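Chain naming follows the written order as A, B, C and D, and within any one chain the residues start at number 1.
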Amino acid sequence: MLDSALDTNNPLTIDLSTTYTTCRLHSVALATPLSEADMQIQAAQFASPGKWHLAHTSWFFDTFLLKPNDLSPTGFIGFDYLFNSYYESVGQRQAQANRGLISRPSLSEIMDYRHAVDDGIQTLLGTALTLDQINLIKLGINHEQQHQELFLTDILYHLSHNPLFPAYDAYANLNTHTEPSELEFIPFEGGLSYIGFDGSDFSYDNETPRHQHFLQPFKLANQLVTNANWINFIEDEDFNNPLLWLSDGWIAKQKENWQMPLYWHRTDLGYQTFSLKGLTALDMEAPVRHISYFEAEAYARWVGKRLPTEFEWEYALINDPSNQLKQTFNQLWQWTSSPYIGYPGFEVSEDAVGEYNGKFMNGQYVLKGSSFATALYHSRVSYRNFFYPHLRWQFCGLRLAE
Amino acid sequence: MLDSALDTNNPLTIDLSTTYTTCRLHSVALATPLSEADMQIQAAQFASPGKWHLAHTSWFFDTFLLKPNDLSPTGFIGFDYLFNSYYESVGQRQAQANRGLISRPSLSEIMDYRHAVDDGIQTLLGTALTLDQINLIKLGINHEQQHQELFLTDILYHLSHNPLFPAYDAYANLNTHTEPSELEFIPFEGGLSYIGFDGSDFSYDNETPRHQHFLQPFKLANQLVTNANWINFIEDEDFNNPLLWLSDGWIAKQKENWQMPLYWHRTDLGYQTFSLKGLTALDMEAPVRHISYFEAEAYARWVGKRLPTEFEWEYALINDPSNQLKQTFNQLWQWTSSPYIGYPGFEVSEDAVGEYNGKFMNGQYVLKGSSFATALYHSRVSYRNFFYPHLRWQFCGLRLAE
Amino acid sequence: MLDSALDTNNPLTIDLSTTYTTCRLHSVALATPLSEADMQIQAAQFASPGKWHLAHTSWFFDTFLLKPNDLSPTGFIGFDYLFNSYYESVGQRQAQANRGLISRPSLSEIMDYRHAVDDGIQTLLGTALTLDQINLIKLGINHEQQHQELFLTDILYHLSHNPLFPAYDAYANLNTHTEPSELEFIPFEGGLSYIGFDGSDFSYDNETPRHQHFLQPFKLANQLVTNANWINFIEDEDFNNPLLWLSDGWIAKQKENWQMPLYWHRTDLGYQTFSLKGLTALDMEAPVRHISYFEAEAYARWVGKRLPTEFEWEYALINDPSNQLKQTFNQLWQWTSSPYIGYPGFEVSEDAVGEYNGKFMNGQYVLKGSSFATALYHSRVSYRNFFYPHLRWQFCGLRLAE
Amino acid sequence: MLDSALDTNNPLTIDLSTTYTTCRLHSVALATPLSEADMQIQAAQFASPGKWHLAHTSWFFDTFLLKPNDLSPTGFIGFDYLFNSYYESVGQRQAQANRGLISRPSLSEIMDYRHAVDDGIQTLLGTALTLDQINLIKLGINHEQQHQELFLTDILYHLSHNPLFPAYDAYANLNTHTEPSELEFIPFEGGLSYIGFDGSDFSYDNETPRHQHFLQPFKLANQLVTNANWINFIEDEDFNNPLLWLSDGWIAKQKENWQMPLYWHRTDLGYQTFSLKGLTALDMEAPVRHISYFEAEAYARWVGKRLPTEFEWEYALINDPSNQLKQTFNQLWQWTSSPYIGYPGFEVSEDAVGEYNGKFMNGQYVLKGSSFATALYHSRVSYRNFFYPHLRWQFCGLRLAE
């Protein structure tokens, strides 16, 4: 679901084997601070256990590369069923809500599986690869990098249900703070512009076909909305005024009783927030995070602005020669007002990999940029992340337009 | 929610008073075949009782025109609360799901209220009206015309829950059948085109601002998909293949066990369908109706086509000098692949009437054209109807593109 | 579900035909103050529309007496399906939750059905009846008398959802008030006693077999708990103390947010209550009504008492020669602490009528006495009414024991 | 919730300290075959994780014995909140459904806690204990023994959600099979009898007060219903006949689609069952287990018998001098037809320990006997286990009466 560009976009990358290995080791490194029990728990259907991420990313290589080449490791009974995520074409799969109940295979057996898959891929890499195979390996690496971000997103969500507020890593770098500058709205001309991936390296199918799109003139904020901004919003009486909200947003707000961003706590010591570092005081100048599309949209209306479209965001990044736009990548994903649909001419490919993006093109919104948890070299202007408008557990914030 | 152009778009209209009266009488005429009990029932939250439609359309004139001019009729206690629909700014309102429980005021009291409101409006029409007042009356008429279609849509839904299959009117004209022609895909050039309302008469805010949109070349089917076409689909084994469906569509299909369009019954006599005429054999050449967006989208994929965007549909209607496109209006609303969002520059107006369209701009899809139940003179190319993708009780069908 | 003794227990009854006619006319009389719309609405699955009660009681005579004797009236298509309640053995039936959607057959057709059934029964009564037939007619009359009470119970519930608080009948006699006397606890000896029906006339199967039951000495309150008593309870801080409640009761209280009896409203004018007379001030000396078993049980614990068992209640009524017990019948049904199960040796009969009582013997509690809405001559000491412990829409109150 | 007699009922027990230590070690021994992940998972709200059982049983000693005597170990932050089960009077507690999310404290910290509590209790045992303290320690031991059975019940349930069918212990002794004898119904005289605990040692409050109860003559089956018997039932067409079921039972059967006992699988190899030993072929002569009250009750009706009351069961055990009743203890808990309510004169004690049994006296049924998983010396005739009639995850079966 998450998407990001491959290390292979990195000009320094020497060969696919090194890229593969680097990626695979990084997933394991992310699990270092966690116990077997931490890796097992699942607090909601939409968030998977840490252990499952380690297994599923290996299943992907196994299913789409090793099995067709008779290199699939033996002795891992039931793994094809247990660690399939949503690939209907590949066969049956474990119910998503019950992933947290799979105490066996154990974490140690999952690690054995990872190593066996790695051996298989290295064997394959030693042969003469077809272009299709190369592309599948690149896709597998990108897929795993997406799960590296999801791994952190999900672990934070799981741990947040523990009233002891345990830290994932007290020294984690969350990239939460940037020297503040004054809020400015940068003007852009628009016109008939090209949108979509134009590189020669890896991209996802949903970034294509590159096509022309007509844009009115617009302005884009030079920075993200901050926690201090957000407190003004939630402490204003209009925060609970239904006229400020989309109808579906108001229903979601009432149902889930949104009074603050996810993970915030109002305490005797003021606002605190739970993050991968544990529970800490809120940094007022840091960009607000863990807000839904509905909240972002209402905020924009409250300040008399709006969210940008994905096309404005992409166009602005390309046409910002003086680098006036700050906090574009590696901070937070940024909600846009664009429903996630296929570009003109987009077609869902017919094989299993075709299930990757196309079938989710309903009811979600595009997010642009990338977050502190996004893999290195994984950020590009054409990248289209997407989530449902009521979800808040992602590392996401907002940038205003007018 | 439904939208349609005012009779005032009709060049034959002489004055607003006649238009008003004609519209009001038509609502009452629609109720003629129904008993007080028929007018009371409510089979789902999204469908309102017939009695409620008669009251709510009067409430609209009362609230936005009579009350501000001290012309509101007295003696109708609680009507302001009971017959508000979703206007948060106007005050509290009866829970939508409980509309069917309001046995009092009686139908006869509702009719008294209608007459009292009509008297008030005629009084107002006898004074020197401001342009704002004229526009509000036009909006009220358009609003009531929308509810005339909804009245039939909802009554059909309510009656469908009765195992005796009672007809609303055995002689109703459903405009179900058109002499069939051969399916053709008409080519259009596209390019940078203007989209949106450009008339001088009435339109809804969501049809504006008129703006430029860039279109690739495309083809549009000359006619709607038929019942015969649809039977091929549902009797094909791939109908139950998840790969054919959007992920959310597959979930909806499983949850509601969609095997046929709404109101179809598989009987010993073959397929039958329940309509305003009661239960009858299916006309194979008639356009298929009562299918959700998800089903329409899957059908298009199944035949190797796609749904048109709202922009393609509008552009094609305008650029079809030889009238090759059939069944464009007054047959069935036609699903497009366009999520319902505001046009560039669209702003929600800040008064109560501003709640009319803007706050529903999430998660729905645009439908173009109009149905047999749509009010006369209410069809225009810029009209944007919208519904959630899982709903099927509207009079809607589909036209393919490629 | 409700149960009551037949008029035939009345020594003044001359013949079955008169008893039948009197009963049937009374049902129709109860509907006099109501419109067709009032008779149509259904506010919850557990409460049926007024129209349905009129039809179902006729269906009972039709199904169990006329059909087997080829006297069933013709021309009432679908009535056997629509107006079956829970008799699985008789065939399929309309979903209970959707009874309120059956606008057709109309009320007038239902009345035609009633008359046709009455004609059939009178024809049958003119023949030589078997004892089984006589007993079935008696059962049908008792069944209809139960539904007469349910009719009022349900109508009150339906109308309570109307924010205008419409009265069923502003002059209804609710028997709410009795000259207060001082609360006393009357002692009883207990010992090995006989429990269950011992008459020669009509009773329900659940009142038999008469059997011996051993009772410890106990005391029973001479009167019911009053509204004034109850206000002390709900205004006490322990009302919200979970230790006072059964575990399931606490869950129900939290889920439904019970702060007062059903139909009470806290207003600027003090407590008001909605009844068949509309909204009126609370009579402090009247017995509290519309409380669940869970609330009754918690109240008893709060005052350091308990609820009586059904055996104590029945024994006390029989052994109260000086009539110290007040408000025993025709006021309110009285919760006992006895789960509703079969008496020793009870067997469910195997025909459809056997579905009457036996299959409900799980999870409910016995209530003794009768209410102001119970049919005349319908009260007897062995009578066992029963409801689930969370339900509050019945005319029920409580009497303490210790 | 589960209840069982203390080792101290064992005449061989020398002192309380040894009994305490034996009990505590046994809990840890039960966890031996399980990983930290196995101990973490929770497949339903009603079943707790293994880790939680180890912590909660220690919390009981800590809360009711160590804290009041200033012996509570320090450094176990949040344990009082996390490992409280349902004791409202002791303070807030972790939501039951979320116990499986508490990955921290780790299993190793839980073990540290157990040892620290053990040290505290041994210190306390070295002082001059009051009678209250001795009784509380006995209660704590009985409480932990109940949780030992629940530990196995819950682990089986959790593991059953793993499609790999992992065994808890392939060599576990499930006491499933007994040399079959011929089914006989043993007659008993009944009469006025004493019911309830009359010993001088430990019992639960719900086994008292001992009181007189009048019993009709009855017969009790000499053995439990077998798997072979049950297959006859589920393969009979009447298994799906609603007339055979209690109304609530039929609803539960439909909702959960009961076609077989819990843990049974119909495979190409015939019926198989999942147990603590993993997936194995069904032993036809073994008593059927994992059936709900509703199923047991329907079975009894199907064979023309009934379930015994708890009073009949207890009376029969006492009055069976020739030991004709088989499989009475240490096989399976046996459903009775008796709703779980307090004996005459029963009062809920007012301290926290009083929450132990009394507040669950609604909607459940009494089970008699004990299962293979019940602690040694924990079986006695007055013991009253209890569960809701729709639950099936306990080790329970049935014995017929007539």
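In this text, contacts are C-beta pairs under 8 Å (C-beta built on N, C-alpha and C of every residue); 3 or more make two chains touch, one makes a residue touch a chain.
Because the structure is a prediction, the values reported are computed rather than measured.
Colleague: Sort the other chains by how far their Cα centres are from that of subunit A and give me the top one.
Modeller: Result for the farthest chain: C.
Colleague: Please work out the Cα centroid separation of subunit B and subunit C, and write it as a whole number of Å.
Modeller: 46
Colleague: Once you find the CA centre of subunit A and the CA centre of subunit C, what distance in Å lies between them?
Modeller: 59
Colleague: So what's the Cα centroid distance for subunit A and subunit B, whole Å?
Modeller: Each chain's C-alpha centroid was found; their separation is 38 Å.
Colleague: Which pairs of chains touch each other?
Modeller: After working through each pair, the chains in contact turn out to be A-B, A-D, B-C, C-D.
Colleague: Using the touch rule from the top, collect the residues of subunit B that touch subunit C in their complex.
Modeller: 35-41, 43, 51, 77-78, 81-82, 94, 98, 100-107, 158-159, 161-164, 166
Colleague: Using the touch rule from the top, collect the residues of subunit B that touch subunit A in their complex.
Modeller: Listed in rising order, the residues are 86, 88-89, 192, 211-214, 216, 242-243, 245-250, 294, 301, 337, 339, 341, 344-345, 348, 350, 355, 359-363, 389.
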